[in-house]
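Lettered A, B, C and D in written order, each chain numbered from 1.
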Amino acid sequence: MNSIKLKRQSWNIGIILIALFLGSWQVSRLPVFGSYEARTFLLGILPIALLSMGQAIIIIGGGINLAIGAESVLINCLAARFMVDKSFTVAVALTIFFLLISVLVGALTGLIISKSKIADIIVTLATSFILIGLAMYIQPSPGGGMNLTLAHLISGKDSAFLPPLITLILPLIVIWLPLYRSRTGIAMFAIGSNKDSAFLSGVNVDRTRIKLYAIGGLFAGISGIALTAITLSGSPFASISNTATLNSVAGAVLGGVALSGGVGGLTGPALAALILYFIPTILLNYGIDPAYSQIITGALTIFVVLVGGLIRNRGKKK
Amino acid sequence: MSTIKTFVGTRLTKSMLSLWAILIVLFVITGLVDHYFFTVPSIGVTFQLAVPLGLLAAGQTICMLTGGIDLSIAMIATGAAFIVSIKSPSGLGMALLYAFLFCVLIGTINGLAVGLLGMNPLIMTLGMNAVLIGVFTVGITTFLKGSSTMPDIIIKLSTATIIDPLSWPLVLWLLIGSAVLFLLTKSGLGRLIYAVGDNATAARLAGVRVWKVQLAAYILCSLFGGLAGLMIGGQSGAVSMSLADSLVLPSVAAVVIGGTSIMGGIGGYTGSIMGTLILTVLSYLLATLNSSEAVKQMIYGSIVLALAWTYSKLTEKS
Amino acid sequence: MNKKALLKISNLAKSYGSVVALRDANFEVLPGEIHALLGANGAGKSTLVKILTGVISSDQGVIEVNGTPVKFTSPDNARKGGVAPVFQDPALIPDISIQRNLHLTGTNKNRFLKEIAQMGLTVDLNKLASEIELPLLRMIDLARALSHDPDLLILDEITAALPVDMAQKVISIMGQYKAQGKSVIFISHRLAEIEEICDRATVLRDGINVDTFDAAAGSEERIVASMLGDKNVSAKEHNQRSNKSENDILLKVEGLAGGKHLKSVSFEIHKGEVLGVAALEGQGQDLLFEILAGESKPSDGKIFINNNEVHFNHPDDAIKYGISYVPGDRKTALMPQRSIRENLALTRFRGLRNWGKINFRDEDSKVDGAIESLEIDTRAKSQVKRLSGGNQQKVTIGRWVTTGFDLLLCFDPTRGIDVGTKAQIYALIEKFANEGMAVLLFTSELREIQLACDRAIVLYEGKVQADLEYDNCDEASLLNAAHGLVGA
Amino acid sequence: TPANAAATYKIGVSNNWAGNAWREEMVCAIKAEATLSGKVAKVTVLSRNTDSAGQSADVRSLITQGVNAIIINSGDSSANNPAIAEAVAAGIKVIAVDNSITAPNTTLVSNDQVAYGAAGAEALAKAMNYKGNILYMRGISGAGADTDRNTGFRSVIKKYPNLHVTKEVFTGWDWTKGGQLANQLLAPGKFQGVWTSGIDYPVVQAMQTRLKGKYIPVVGADNNKFVGMTASLASKGFVGIIVPNPAIVGGAALKVAIDALDGKSVAAKNLLHPVALTYAKNKALIDSLYFAAQDANFSSTVALKGYTTFTPAQLFRCRAPQDDPETTS
């Protein structure tokens, strides 16, 4: 019994080891390592970790969302545009409102996929254009801002590394854990694993899919809000959203989520973001052209999926 | 002949008609918005500009029919253009040879990884894309330094008109298009491409070496990508990192709008040609509209979504 | 009929587009009865089950439970209303643990464990469903349904994937269930099972209930007659061919081992012979077929063809030696979205040499020949997925008719196929043998061995337990050998 | 090992767009000037394609490495402000180069982009005889430089009632996309002039096929190939208008950074004032701007009076102080 659980955790353990290795390498290169540096790490990974988690939820459910970066950029632009110069209470209210919008955008995406029966990839490719267009419409050029108190609450200030740590971990505890335990959570794994069986087990496939895209959207929204808190600005660029989307897929996959659906969790993707952050940072600090980090990240993603696939296939052989 | 009937079939004819209807409607709207559009040279140019997308879509159709997808096609196109640009001083022949060797190399890696190692095509080609971006970003300041323009011959071949609206690129497309249609409908490899996409296990049990088919598909896709890259370089006169970036998503969209399933096994190049023409006229229409970039993005996304949706509903019923 | 019906179905109809799955179905299930639901493939049995349990909704008709009309909106809903199904296709989610599977359907864990224990089985709740073999999975499915204490249990072809011993277990469970005054709807193509346990039977044909009667022993003829309607062809008597023993040995297997189950299998097949293979579930018969087809590799042992040792790395190698394979699950052998023609012609393109232009004239004649000799119904030829199950099975065999072969490996080719088509398939196998080809035939229905084979081997504990001549291939001997009761 | 014992300053560079010749040249200018100054021990360059969160992380990374000044070419005028504020608070001099930023207590060294837009527009209007249709090819929608150039451009065009911007497109500062747009849009008689935000020579190339060699005036930047075409096609009636946008503005930023570190007072804004050049008026200057051996999109301005001291050869060598000492001569 324990061995089965251990086997399933082995991926996360591997990720933690790699992240620890890279982390200590990076720390050893720094003149000092204190809470300021810890916060620098956390701010570097926060948006992409949250986005990877959102993507992970959707991939576990058997889908993929190529508009998740655009969802985050949209919320970033909304927040930066409307929260600038607002009082703390108004800003908090707006944050909640924008998170609701992100849930709505996600749900709508799920609804379109369910109703149209078009492949997720296609639907989300198309919606990514629409969402980026909306973001550009709301915030035509970079700018805007956020109430500073709120921003510091989310992303910390100077050496305060606890706020970003909480922003990272809180969604895991408040959203993911209850979800995983709930019937919707099982249904999410079920539709990702085998839609037909899930249907026969009494799962409402469409409704579950809509919920997953909504929760994925929520994570994208939190990521967008975090981005606003970190940068105090909204950036309506398609290139940002594309890169973020690709990183979110890489993060989810490195984090042990199987692209075929039905397998994985959210801790892995959060940790994988750490790896994705350390690789370019370490290279940069060695004065190596950071373009190499792209090569390494790409190759690493391929390698990890390859090995993961081989391991899983071996497990399945009779 | 009964074979032709098998491939065209009542289902396809019906949807082909609707694709024609959409194209004509878009064409008329564009002409009404921009009177210049209806002149013969303008139609010629529109066709010409459709060719690179049409070539990319050819590669994408082949990959998607096997149940795959090639998202590294943009960097393959860019790479081919870079290589021709840097190698052209040592003769066009050599330059082309190097470029196509590069395409075959990348196609082989993609194909072997997908076919023999069972890699997920989405991740494999996304990873490959990241690796290639890294390689060329490094290369642009080192081994590719100075590659920014295309040889005159290629510029001529990708832009010169024979008699309006017939141009060299169009002639090339007609030739290649016929070859692709022949490949898919009248050759053994074509049959296998469909077979592998529909049910790879069945194909293997029937004695087919599935990986060879996938390898062939990815190499062909790469070659079409490279050719498209040269043509884009020729049409713009300049080579840059983001040469074909903006065509990746449309290449997938064109294939899907044209009725090829992203799961493989069903569809064909005729539909992709229609999809290509529709998207090309659509982007011309958007370029003529004097609306902001934001609104254009939203319209583009919405229309692609609407087209894919309409098409899937149309084919579902019959 | 003085008892009040537990379930009453009237005028039920359902169409999938142009396909009418159910036209007008009517019948009643009484409390405390085991009611068989019979019908050829595609008669609409599973469709009826799905409507009953709220998986799909009917186009028209009324369902009454205990006299009150009900409309279940989901299997969950049905379970709460006292109707628990075990569907034809496994309904456990492969990638999640059994425990979470139970949670998903709101099944009480302890109750479930009790049911499993009563079956004499053990289950690790932490295992993923994908880590469990199919027969056990079906039993888990059954235990899960039982845990909901339904008034009406619906079993859709549960025994199809079960070995004889487990099938027997299911039958005794149904008996106990009936003893508690509960009812069962039992769907199966194995008529012996029907006669053994069922009280009454309703036969569906083309979506209409054509007959209902007491399912006593000897009602087999009536069942077959009403299932087939005017298509009625009595199962043909087997003509034993006499000269096969003098023929040359085509294939010889020595000490073949592999996987968990195959230890050391040796046997030989002659040209023009149909060799039956009988075994309980999980004796490695599937792996044996896969090895001979080049789809899996043995860990030990030798294969000889015409006295030459051969090694297969890929099905293509086996095909080159004239060995063709029809797998047990026809879904794995068909390209559902492609036409009959493309499915039949697939093997013609296996070599690189055949990647070029297709010779359509040659293809036409081969394909048409196969369609004709197999009597494939070509009304829905543009996509094989629209064919009925029996016709799909014919396509999987027809593929090899177009290419030609020396040895055909048929793994349970009649699983889930109606009686009429079964007879056709056996006639075809006989024809192959008469033309000098050999057939290795595994079937899960033991009595089919004598219908189709010249000789049979029985696998038990990874070895050939018995090699029986035609006359000794009666069900009892086969069953004994399959349980290891007769020495080899 | 620094070449000079007096060399103590550590300079950090954050650049958000790599794989681009202009930015590479900018970085080389910083390195070359730092080496020549004799006051810099080390230049740490963090140059990659990244978004604002990534660039902010780079800035923080430079802070943790203890640099004295940060030269930043920011992808977003305000998104790096929190990180920059932390740098300023740590006593680090922050110099924005090329793209302006809104963070307080920072110094800007850049081309005057409003003047850039205006100078080209004025020269174009003149070349078009103050009438006709203009194809207006901008950069990236929303980017600071693009917005500023648009301000300058519009302020000039609105003075001339007979000049019409009949088509406005965004090239994304991408050579390929610019060329494709030119190919799609240019047709005989449709436009009488083209203003580009520096994506210039593909437009001229497109005229050769689309307009069958009938050239209309084009405003471009000091890109090597465009400079060459302006000279070589002048005899065929082509009027090229060059408005320099020097990549070596990076060298100027380095100079300002050192001044600031030395305690000299520096202005908050240090702007270069671009002037439009045409072959008719500035033949000698344009000829001197063309480097046959360099790339098509090499920024041809190789010296900025009062700011840079390197020779072209030193610029091309692209050495930072910490690199091989024997080559720093």
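Here, contacts are C-beta pairs under 8 Å (C-beta built on N, C-alpha and C of every residue); 3 or more make two chains touch, one makes a residue touch a chain.
Note that this is a predicted model, so its numbers are computed, not measured.
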Weigh A-B against B-D on C-beta contact pairs and write down the one with more.
-> A-B
Per the C-alpha centroid definition, the whole-Å distance linking chain A and chain B comes out as 31
Geometric centre distance via CA averages, chain D-chain C, whole Å | 73
Just curious, how far off is chain D from chain A if you go by their C-alpha centres, in Å?
-> 35
Two or more other chains in contact with one residue: find those residues in chain D.
-> 18-19, 49, 141
Can you list the chain B residues in contact with two or more other chains?
-> 137, 141, 261, 292-294
Overlap residues in chain A, where contacts from two or more other chains coincide | 136, 140, 236, 289, 291, 293
For each chain, which other chains does it touch, given as pairs?
-> A-B, A-C, A-D, B-C, B-D
Contacts from chain B onto chain C in the complex sit at residues 1-3, 6, 9-11, 186-189, 191-192, 194-195, 198-199, 201-209, 212, 216, 261, 265-266
Quick one: which bits of chain C touch chain B in the complex? Just the residue numbers, please.
-> 293, 295, 314-316, 318-319, 325, 327, 331-339, 341-342, 345-350, 352, 354-358, 360, 364, 382, 399
The chain A residues in contact with chain D across the complex are 30-32, 36-37, 40, 43-44, 46-48, 136, 140-145, 151, 155, 158, 227, 230-233, 235-237, 239-240, 243-244, 277, 280-281, 284-285, 287, 289-291, 293
Enumerate the contact residues on chain B facing chain A in the complex.
-> 69, 113, 117-120, 122-124, 126-131, 133-135, 137-138, 141, 249, 252-253, 256, 261-263, 292-302, 304-305, 308-309, 312-313, 316
Which bits of chain A are touching chain B when the two form their complex?
-> 64, 112, 116-119, 121-123, 125-137, 140, 236, 238, 246, 249-250, 253, 259-260, 289, 291-299, 301-302, 305-306, 309-310, 313
